[in-house]
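Shared between the two complexes below is chain A, which pairs with chain B and chain C, respectively.
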Partner chain A sequence: MYGLVALGYHVTWATSRTLNFSQGHVVMVGAVVAYAVHVAAGWPLVIALGVTVIASAAFGLVVERVAVRPFFRTGSPVWLLSTIALGIIVENVAMLTFGKDARAFPSTLALKPVFVLGAGVYPQELLLPVVGVALMGATQLFYHRTFYGRQLKAVAWDSEAAGLMGIDVPRAVAVAYALSAVLAGVAGVLLAPLLNVSPTMGTLIGLKAFAVAIIGGLGSAAGIVVAGFLYGLVEALVAGYVSTGAREIVGFAVVIAMLVVRPWGLGGARPARRV
Partner chain B sequence: MSLLDVRNLMVSHGQIEVLHDVSLAVGEGEIVAVIGPNGSGKTTLLRTLAGVLRPRRGTIALAGRALAGEPAWRVVRHGIALVPEGRRIFADQTVRANLELGAVSHGHLDGLDAAIARFPALRERLDQPAGALSGGQQQMLAIARGLMARPRVLLLDEPSLGLAPRLVRETFEVVRGIRAEGVSVLLVEQLAALALEVADRGYVLDRGRIVAEGAARALAADPRIVRAYLGQRSARGVSSGPECQPAP
Partner chain C sequence: MKRGWFTLLAIVGVAALAGAPAAQQAPIKVGLAAAVSGGSAASGEAIKRGLSIAIDEVNARGGLLGGRKLELVVRDDEGNPQKGVTIARELVEREKVAAVFGGLHTTVALAQVPVWHELATPYVGTWAAGTNITRNGKKPNFVFRVSANDDEVDKFLVRYAAEQLKRGKPGLLLENTAWGQSNEAGLTKWFGERGVKAVGIEKFNWNDPDMSPQLLRLKQGGADVVMLVANAPEGAQVVKSKAKVGWEVPIVSHWGISGGRFAELTGELSEGVVFVQTYSFFGRQNARGEAVLKALRDKYGVKGPEDVTAPVGTANAYDALHLVALAIEQAKSAEGARVRDALEELKAEYAGLIKSYKRPFTSEQHDALTERDYIMVVWKGGKIVPVP
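After this line comes the complex of A and B, so read on.
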C-alpha cells in the first residue's frame, strides 16, 4: 500500500532529482476530496475519482511552482524544506475546512472480509497491490517507450543538455510533479475506506512511503513496488507477532541499514560514473 | 547582414564580468573559429548564444530575429544548436534515443538516416547505451545529435577535447562536411592552429574581449598572434599533414 505513494517519489526524482516531501499530504488531499465528492455530496465514486485526479494534479503543479521551481535552477536543496512546509499548510487548511475528526469512508469492498490462506482481508486491500502494479507498469512504459517519457529521463540525466535539445525543462518537471501527485491522490482514494479520512492521515503514510522509496531505490520503479510489498508484509508480521509499537522501529531500522549497505536501493543500479 | 549577428555582449557570473562588449558575426555557410587561452570566456560566449546564460547587455540576432534572453529550449527552435563542451550525451539512453532527443525542437525524426550516414560508426551501435561508446564516438554522437535539431548555426565547444590526434582530424573533416551542407559553424577550440586551418574567419578572445579578428589565414600568419596564442598548442599532437590543408 506504500508502493503507490513511493512511486510518486520516484517519478519526480527520475525527472528533476527533487522530491515532494508533502507526498503524504497529497494522499490526504486525495482522500478528503474523494470524501467530499462521494460521501458528503453523494456523487458516484467514478466522478469522485476523476475529481481527485484533477485536484491532486493541480496540487502537484502548485507544489512544483511554489516550492520547487524557485530553487531548481540554482541547484539549492531548499525544496526539501519548502515542500514539507507546503504539506503542513495543506494539513492545516484541511483541519479548518474538514475538521479534526476522522470520518469513515464507506465502501462495498471493505464490508466483509474474504479469507485468503486463512487470513481475513478486505477485497479493498487486495485492490491496492493490483492497482499499484498496474500503475507501476504504466509509469515504466511511459518513461521508456514514449518520446515524452524519454525527454523526462533526459531532463533527469542532464537538465541543461536537455534544454539544449529543445526540451522545455520547467514544464517537464511540472508534468512529473503532477503525475507524482496523481499517484498519491489515487492511493488516497484507495486507502480511504481502510483507514479513516482525517487531515493527519497522510503524514505517517508519506514518511513510510519515503522509507519504501529508499529501500526500493529512488531510481527504480520495480524496486519500489517490491519494497512496498515487503515493507507491508514485515509491518504486519511484526505487529502480529511482536507488537504494534515495534512496527515503526523495525521499519525505519531497515531504512538505516539499507542506506549503509546499499544506498542505491534494492532495484536501483549502482550509480554509474558519468564519462 | 550576417546570419548570426552578436553585438556588445556582456555576460557575468554573479559579480564577475566574464565577457565585456563582445561583437561578432557568422555568415551564411561560414566556419568561424573563436580561439584564445583558457578562461578567456569562450565557453561562456557559446553558452550565452545558446540561451543557457542570459547576457546582461547586448543583442543576439539570428537572421534578424532577436534571441538574447530567450531560454535554451526556445533558441534551438529558432536554429542555433550547441554541442556542449564535454559532449553531455544522455549516457543512460541508447544512441538512437539520443539522436531522437536531438530532434525534440521540431519533432521530425526523419533526419536519423542522414545522421547515421554521416557517422557510420554509430550505425552498429544504435541500440546500445550511449555511455558504452568510446570518447571519439561520443563526440560524433554529440555532433550528430546537435545536427538533428536542423540548426542554421551549429556551435561547437571544444570538439577536440580528449581525442586522439587521428580523431581530432576526423572531427574537423566533419566540420567541413557540415558547412558543405549549408550549415554555418561557430567553433571554439583550444587547438587554435588547427581551428584556423578549417575556419574561414577567426576571432581571438582574451580575458573577455575580442582582441583580434580577421580571415583565418591572416590570423594564422600574424606573428603576434602566433607568438601569443598559437605557440605551443599548435605543436601538440596534431601535425598539419596534407589531409589538413584548408578547404579550397
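After this line comes the complex of A and C, so read on.
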C-alpha cells in the first residue's frame, strides 16, 4: 500500500523533479470524498470510486497549478514548502467540514477475517496488493502505450529536448500531478475500511510512503514497488518480534542508512559523477 | 454641540451601568474544560449535557446566592495537555469562572493540576480517572472528582476477572500514556494482592491502526483474559485486531471505550466487551434518574436509556454540578478558595443521581465515588447495557 502512494511521488519526480509533499493528505481526501459519497449520501461504491478519482485528479491539478508551477520555472525549491502548506490547509478544511472524529467506512470485505495458514487477514487487506499491482501495471501501460504517457516519458527523459520537439511540458507535468494524486486517492478509498476515515489519517502514510520512495529510489517505479513490499514486511516483523514501539524507529532508521549508503535507492541508477 | 451629545451619552451610559445590577444580578460562571472534538468528542458532549441539565434545575429554583444564575462556559482541550493548560488559564483569568469541570483525558487533567492551585480555583473531574489527579500531594488540594479513580477501578476490574470470569492469567493491554501507566500500576497491584502476575504487559500509541502484534504476544504468553485500557478509537482497533488474529478471549475494559464512537467503529465486534461505569440509565431509576432522562428527551431528543451516549459523563457531571452548587451556597461566595473549603466540608446531604452523597469529600478523600459505587456493563447491539 505504501508502494501505491510512493509511486505517486515517483510519477511527479520523474517528469518534473518536484514532489507533492502532501501525498498523505491526498490519501485522506480520497477517503473523505468516498465517505461523503458512499456512506453519507448512500450512493454505490462504484460511483464513489469514480467521484474520488475525479476529485483526486482535480486536487492534483490544483497542487501543481498553485503550489508547484509558480516556483518550478525559477528552479527554486519553494514547492517543497508550498505543497506541505497546501496539505495542511486541506487537512484543516477537512476538520471543519468533515469533523475531527474518526468515522467507520463499512466494507463487506472488512467484516470477518479469513484465515490463511493460521494467520487471520481481512479480505480488504488482500485486496490492497491486488489493486496496487494492477494500478502499477496500468500506469506502466499508460506510459508505454498512450500518446500522453509517451509525452510524459519524453519529458522525464529530457524536458528541454521534449519541449523542443513540440511537447507541452507544463501540461505534461500537470498530467503527472493528476496521475500521482489519483494513485493516492484510490489508496485512500482502499484503506478507509481498515483505518477508519479521519482528517489526520493520511499524515503518517504520506511520510512512510516517502520513506519507501527514498528506499526504492525516486527514479525507479520497480524499485519503489519492491521497497513498498519490503517496508511493510519489515514493519510487521519488527512489530511482531521486537516491539510495536520499535516499528517506526527501525523503519526510519533504514531510510537514513539508505541515504548514506545508497542515496539513489534500491532500483535507481547511480548518477554519473560529474568531474 | 458635539460636546453636548457626548456628555448626554456619558450620562445615559453611567445610568445604565448603575441600573444593571438592580435589574439583574451578574451570573456565576462555571467552566467546562474537556475534549468536545476529536475521537472522544462524545464524552465532552455527554458532560456538557449533564452540567446543562443540572444548571437548568438550579436556575429554575432561583439560582444561587440570592438570585444569581449559573452560566456554563465551554472550552475545548482537544485531548491535548498544552491546550488544556491554556484553556484552564483562559477560563479563570478571562471568564472568571467560580469552578471548572473536567473531561475525559487523564493526560490533560494531570497537566492542569498545578494551574488550579496557582489560580486557587476548584476543579471537579467528571471523567478522567488517573489516580494521581486527585491524589496529587497538594495541600490544600483544589482538585476534586465525581468519577472513577483508576486505583479503585483496577480493584473492581481485577475482582470481576478473578471472581466472575474465574480467570487467572491476565494479559494487560494499555495505551502508552500517563493514563495507561496509572492503570498498569493499579492492575499489577490488585492482581498481586491475589497472588496473580500478568502474563504480559503490552502497550500501543494513539492512532495505531493495528494491535495484532500485541495481541499475538499476549496469546502466546497464555493469557486467558485481556485487561484493556483504551479510548474509543484505539479500543476499536484492538477489537478488530482480536477478530483478525482469531482469538476468542474475554476483554475486561476500563471505560475509555464508552467515550466515543466505539460501537460504530466496531459493529458486531463490540458485542461482549465488558467494562466499568459509574451509572446506568437502564432499569429502575430514582427520582433524579427519571428527571434527567426526561430532560435529555425534551432538550436533546434522546429517546430512551439506550440512546444516552457516554452515559457516565452525563451522570457524573450532573452530580458534580449539584455538589458545587451546594458548596457555593454554603460558602456564601463564588470565590475559588472559599468554594474549595466548602466542598471539603459539605454539610448538606445531597440525594444525587448516582447515590446519596453524605460528606462526599474530606481533606484526605477527594473522590466522591469509590469502588462500591461502580457497575459492570456490556455492549449489546451498539448500546451500553448492564451485565446480566
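To be clear about the criterion, the second predicted complex is superposed on the first by the 266 of 275 C-alpha atoms of A that agree within 3 Å, B and C clash if a C-alpha of one lies under 4 Å from a C-alpha of the other, contacts with A are read in each partner's own complex, and residues count from 1 in each chain.
Simple rule for what comes next: a residue touches a chain if its C-beta (ideal position, glycine included) is under 8 Å from a C-beta of that chain, and two chains touch if they have at least 3 such contacts.
Quick caveat: nothing in here was measured; it's all calculated off a predicted structure.
Colleague: Can A:158 be said to touch chain B (first), chain C (second), both, or neither?
Modeller: first
Colleague: Who contacts more of chain A, chain B or chain C?
Modeller: Between chain B and chain C, C touches the greater number of residues in chain A.
Colleague: Given the touch rule stated above, what does A:147 touch, chain B (first), chain C (second), both, or neither?
Modeller: After superposing on A, A:147 lies in contact with chain B but is clear of chain C.
Colleague: Touch test for A:121: chain B only (first), chain C only (second), both, or neither?
Modeller: The answer is second: A:121 touches chain C but not chain B.
Colleague: In the superposed arrangement, does A:138 touch chain B (first), chain C (second), both or neither?
Modeller: In the superposition, A:138 touches no partner, neither chain B nor chain C.
Colleague: Quick one: which bits of chain C touch chain A in the complex? Just the residue numbers, please.
Modeller: 37-39, 41, 176, 202-205, 207-210, 213-214, 216, 233, 236, 243-246, 260-261, 264-265, 267-268
Colleague: Where on chain B is chain A touching in the complex?
Modeller: 50-52, 71-73, 76-77, 81-82, 84, 88-93, 97, 100-102, 104-106, 131, 135, 138, 145, 149
Colleague: In the complex, go through chain A and note every residue touching chain B.
Modeller: Those residues of chain A that touch chain B are 147, 150-151, 153-154, 157-158, 160-169, 272, 274-275.
Colleague: Which part of chain A faces chain C closely enough to touch in the complex?
Modeller: Where chain A meets chain C, its residues are 99-104, 106, 111-113, 115, 119-122, 194-196, 198, 200, 204, 236, 239-240, 244-245.
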